[in-house]
């Protein structure tokens, strides 16, 4: 019978085929397609880690903390831009008001550093602890990626997420100011100088906080403990430094200030923007700017290195 | 086969001694969830296997029997007396639970001694040493349990349950994770204890183990007792289910057609180099087979009931 | 990055016969506290369904981890599909699937999400990962439940997910560590059938590590037995379960009469409980037995030539009472030797 209304044009494997019809083979097929190896696996893990930091792919509840914190971090910038727009309309008097605005590139770090820290403390434990707690690591390590690939992809995802949260407000501020300026071209010229500055500060914050949070979370699979430890490491040292600075001489404070990540970032912020540090101790200790930058770089590399080492040696 | 240690639920004709452990119309529920539903049986000396699918109520039943849970209805009787809330009754029972972790920093001997003292045994040191010797752990008794292999850990738990010389021993999945040699040792140990007069009940998923070790079985399904006794006898009782036999012979086709002429046979299949025969009349067929074979001049090399295994009985029971 | 040499058709397509699947040479692994898990293990395995049994100790899990590159050997060499585990581990792992013994699944992921992610971790592109996941989940028997979180799965379903993630990247070799762990009898049956199918229909070489000899007998063609880190035996399964020269006859009643009748006809007969045992060296006794039973009108329940069992390998003492040693036709005492084959 030649006039069958059904004609199948698939290239699926067939079990049997005749002029009147075909049976397609639904049995197990072997995979003959491309195998992309380590780099593809690493990129996939990096992407998944980045999305997991924002709770994407994990249901609604997982998104609450990250998006709230990110939203709060951007909020001052949005307000500042709105304020600036109103001030621009108000004319010269508005400029005075605008100059007095506390929301500027150099002050932004002080405004949102706590939010960034909370973001790390909330997301890093889940990112690193989950696979350890549920013993999923052997399944990863028995695949195309190496142990160090795994660590780097995870840390990379975390740092990238932090970078996004950290830079968004600066970018909003930048664009807002450019648009709000009476002449966008001169506005751009005015503001452009800040771009490399905030990019650098943002990168240092993301790198250092992310690196430290990742390291702590990699060592502490229990979520609550990791969160508490991350917060402690970021909050307690500045307090100690402050106390030491008040009670003793400056030399001791100068010696220990570089061990406090929060103070390091405070110092880099001051160094990059040429402003005064928020912390009185940092302001008075008078270390050269490059000291903070070097300490930050060292901290970033060190913490990532130690995280990789942790995964190289973790037992399966 | 040794005599079944499991008297039927009806009283036996000979005046039996009080059973070591009896479960009398016991139920246990949690709110609306009925974990154990009106189960009755009695245990005597020997080894009994407790089987059932996951979630059938085996662990609950073991805990009820050990006195760790109160029945919601019914009674658990130890040596004829109710066990609940009478600590002296618990002396008769030893439980080896599946999951409970043993403190891994204790040595085997210390663990046994701890149990002995908790049980209020008169001379804890001697009792502990004796129990350790029974399970053949004397060489490793002074090492921390954390250094033991899986099989040794199970034996340590067993020693802990034996210190007070209970007459009844309850074990929850005792062979879990043991390698073949450890399992053989443990089986030999349990068999010797049963031969010495102890009543042993163990639960397991591994039917081949139960088949080898247990004199009789209790099958639990959905909280109810589905069957009790020697599993071969249980199979005979499953009269609503046809028996199947496989036969290997010198001429399968000839044998098959000759057998089909016999009224006891209602199916014969040539498969896999054998004849698969279905019959509704076990007795008539088993007598007919050699006679039909002789009459047809066919040699019989292998005859086996295909569903006489515990596995087959079990799957039938839990599919109703 | 996959080296081109390892992806050429020659090594992928010709699985059977041209390469050794696993080759070990003096493989040793020590753990702290003096535990020796593997001690100078040397063997070579061809593709098939291979059972791995360990008596005493951690040998089999350790071996699997070394093959996967999860553990370093203390000394000795190992190779998988002619690739060295120390230097070519990443390549090996692209073609090996691993199903661990313990729980290793995150409870808040769905089976689909998790297995797709694992496929990507094995280097599959994202579309292929999704499609393979869907297919493999069907092959292991997970249907609508695959979209629910794994935390709510039964043990059987979790084991299937573990198997799926091991299969999703179409490995050439599957390493299964106690695949029926925690499953009830029905679940075990299904898993064993799935394993058997994988080895036979799917064309994948399988190594099953198990402490349950019955399972190994059912599913595997070849057995590797390790004892205290040393190789005890490595041989096709058939050699462990050879027939002995003992024929077991089970009749529902009348054993005594039968024993007498057979002895009268010149056969060496021993009674063991309800079973009657005779020595067989050739085909002649079978008809004599048949005729004796027929004449007496006895119900014949079972007629079976006794076989050695895998367990004999692990007995370190004289086997307990039942009769493999009772028959006078001198079958081997313990371990494995040639039983008299028919």
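We just call them A, B and C in the order they show up, numbering each chain from 1.
Please note the rule applied: contacts are C-beta pairs under 8 Å (C-beta built on N, C-alpha and C of every residue); 3 or more make two chains touch, one makes a residue touch a chain.
Please read all numbers here as calculations on a predicted model, not as lab measurements.
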Query: Could you name the chain whose CA centroid falls nearest to the centroid of all protein CA atoms?
result: C
Chain whose mean Cα position lies farthest from chain B: A
Message: Counting only Cα atoms for the centres, state how far chain A is from chain C in Å.
response: 48
Task: Starting from the mean Cα coordinates of chain B and chain C, work out the distance between those two points in Å.
output: 25
Task: Give, as an integer number of Å, the spacing between the C-alpha centres of chain B and chain A.
output: 58
Query: Which part of chain C faces chain A closely enough to touch in the complex?
result: 1-2, 7, 65, 68-71, 90, 93-94, 96, 98, 100, 102-108, 113, 117-118, 120-126, 128, 132, 135, 139, 165, 169-170, 201-203
Field: Partner chain C, residues of chain A touching it in the complex
entry: 27-31, 33-41, 44-45, 48, 57-59, 130-131, 134-136, 138-146, 316
Query: Tell me, which parts of chain B touch chain C in their complex?
result: 1, 51-54, 147, 149, 151, 177-184, 188, 191, 205-208, 283, 286-287, 289-291, 293-294, 299-305, 311, 314-315, 318
- prompt: Which part of chain C faces chain B closely enough to touch in the complex?
  reply: 33, 53-58, 154-155, 183-188, 211-214, 227, 251-252, 273-274, 283, 286-287, 289-291, 293-294, 297-305, 310-311, 313-316, 320, 342
